[in-house]
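The structures come next, written out as structure tokens.
You will see chain A twice below: alongside chain B first, and alongside chain C after that.
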Partner chain A sequence: MNEPINFHFKVDGSNFISAGEASVNVKKLLRQVGIAPDIIKRVSIAMYEGEINMVIHANGGTADVNVYPDKIQIILEDVGPGIPDIDQAMQEGFSTAQDNVRSLGFGAGMGLPNMKKYTDMMKIESEVGKGTKVTMEVNIP
Partner chain B sequence: MTIRTIAELLNAKVLCLEDKIDFDVKSAFGSDMMSDVLAFVKEQSVLITGLANPQVIRTAEMMDMSCVVFVRGKQPTPEMISLAEENGIVLLASNERMYPACGKLYQNGLSGGSIATV
Partner chain C sequence: MDIITLQNKLGLKALNISDPTREVHGGYCGDLLSWVMGRATDEDAWITIMTNNNIIAVASLADVPCIIICEGCEVDDELLNLTRDKGINLLVSEDSEFTVAGKLYGLLNN
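Moving on, here comes the complex of A and B:
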């Protein structure tokens, strides 16, 4: 009955230029499904920051967007280096990004705080050397 | 203020979607940091930036902005221009530096708008 609509994406980690393509697509797909514009904006911003993170830190990964009647769930998974200290990573301004990433307009330690800010629920599961899974949810009122 | 007026005040070149420059815009945001655009923009429809890469266009698209003004003589690539065209975003390029560019627009009535409080 309550099978979600699923959108699945592979995020290419080798090319920063294309980072964000999946999020732009999600925005368009959610519009077609008839989701309200303010919900779409929050989902696509959170996913965009997550996608950028996967590209700059983890050499890409996968993104799944599940549309339920009462919420939109975003699951981002990578097999990157993992996050040693999640509390520290959550602090605004804390960043381990390289200078070349900063010159592209990201890497100022705003990614995870932005993702938390725009979603109703965010859970990070990470193991150093194995990878990271970020689950986010935006409620549909 | 129309996008046309922005172009005139900043002596800027219109790089695409010239047919949309009579659109009215109410407020603007200036930043080279795209994460800050994602964090702070609410209803602002103009982005003033000295950064030129495809993420600038994608960020503007995320925030439903209708115009990006490149300052300090930054030039977007043809790929960026076609990405903006696809998404209905007018691109302007000016040799002004960020501070005087923002100052001129503000002085002529383009406000900063309000801050996102999601």
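Moving on, here comes the complex of A and C:
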């Protein structure tokens, strides 16, 4: 009963230029299943920031979006380097982004704060050398 | 203010207009994508000098009514095709970000 609608994406870690594709698709898919525009915006922005982080910090990963009647859940998983200090990573302005991605406009250290700002729940599980799993939820009123 | 009025009043070159009905009631200046993502609203013209493909995803998700590329920065065909695919209004100014923002501010507050 109440099985969520699932959208699954592989996020390519080798292409900075086309990064964000999955999130742009999710925006379209959520519109098709009739989700309200303000909810779609919050979900797709939060997912975009997480997707970009997997591309620039973790060499890609997977993204799952689960649509429940009362909430939308986003799960991003990678087998990248992990985050040694999550509290520090959450601070506005903290970034370890390299010069090549900074020149594309990434590396402000605002991605994780944006994800927190736009979602009702956010959980980061990370182990150095193993990878990172970010779970976010946006409630549907 | 609609996009065509904005284009005329600021003397912008329109590289792609997918939706001329979009309304601009403010602006957001920024070249760091996460700042734009977190702060720009769906009534803000996004004023920037960034011209790599990533700006299209940001404009689409932040749902800004248009992007104004400043300093006459060169836009390649790939970006142009993306604006058409994703329905993003893209305009170019020879002015600096400061000047474009100043002119837009004046227009919207008179």
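Basically, the second predicted complex is superposed on the first by the 141 of 141 C-alpha atoms of A that agree within 3 Å, B and C clash if a C-alpha of one lies under 4 Å from a C-alpha of the other, contacts with A are read in each partner's own complex, and residues count from 1 in each chain.
Here is the rule we go by: a residue touches a chain if its C-beta (ideal position, glycine included) is under 8 Å from a C-beta of that chain, and two chains touch if they have at least 3 such contacts.
Remember, predicted model here, so these are calculated numbers, not experimental data.
Chemist: What does the overlay on chain A give for chain B and chain C, a clash or a fit?
Modeler: clash
Chemist: So in the superposed three-chain picture, is A:27 touching just chain B, just chain C, both, or none of them (first/second/both/neither)?
Modeler: Touch status of A:27: both partners.
Chemist: Classify the contacts of A:42 with the two partner chains as first (chain B alone), second (chain C alone), both, or neither.
Modeler: first
Chemist: Output check: A:104 vs chain B and chain C. Expected answer is one of first, second, both, neither. What do you get?
Modeler: Both chain B and chain C are touched by A:104.
Chemist: Shared contact residues on chain A, chain B side and chain C side combined as an intersection?
Modeler: In chain A, positions 16-21, 23-24, 27, 41, 44-45, 48-49, 52, 104-106, 108, 110-111, 113-114, 117 sit in both the chain B and chain C interfaces.
Chemist: Using the touch rule from the top, collect the residues of chain C that touch chain A in their complex.
Modeler: 31-35, 37-38, 42, 50, 52-55, 57-58, 60-63, 86
Chemist: Along chain A, where are the residues that touch chain C in the complex?
Modeler: Spelled out, the residues of chain A in touch with chain C are 16-21, 23-24, 27, 41, 44-45, 48-49, 52, 104-111, 113-114, 117.
Chemist: Show which residues of chain B lie in contact with chain A when the two form their complex.
Modeler: 32-36, 38-39, 51, 53-56, 58-59, 61-64, 87, 118
Chemist: Which part of chain A faces chain B closely enough to touch in the complex?
Modeler: 16-21, 23-24, 27, 37, 41-42, 44-45, 48-49, 52, 104-106, 108, 110-111, 113-114, 117-118
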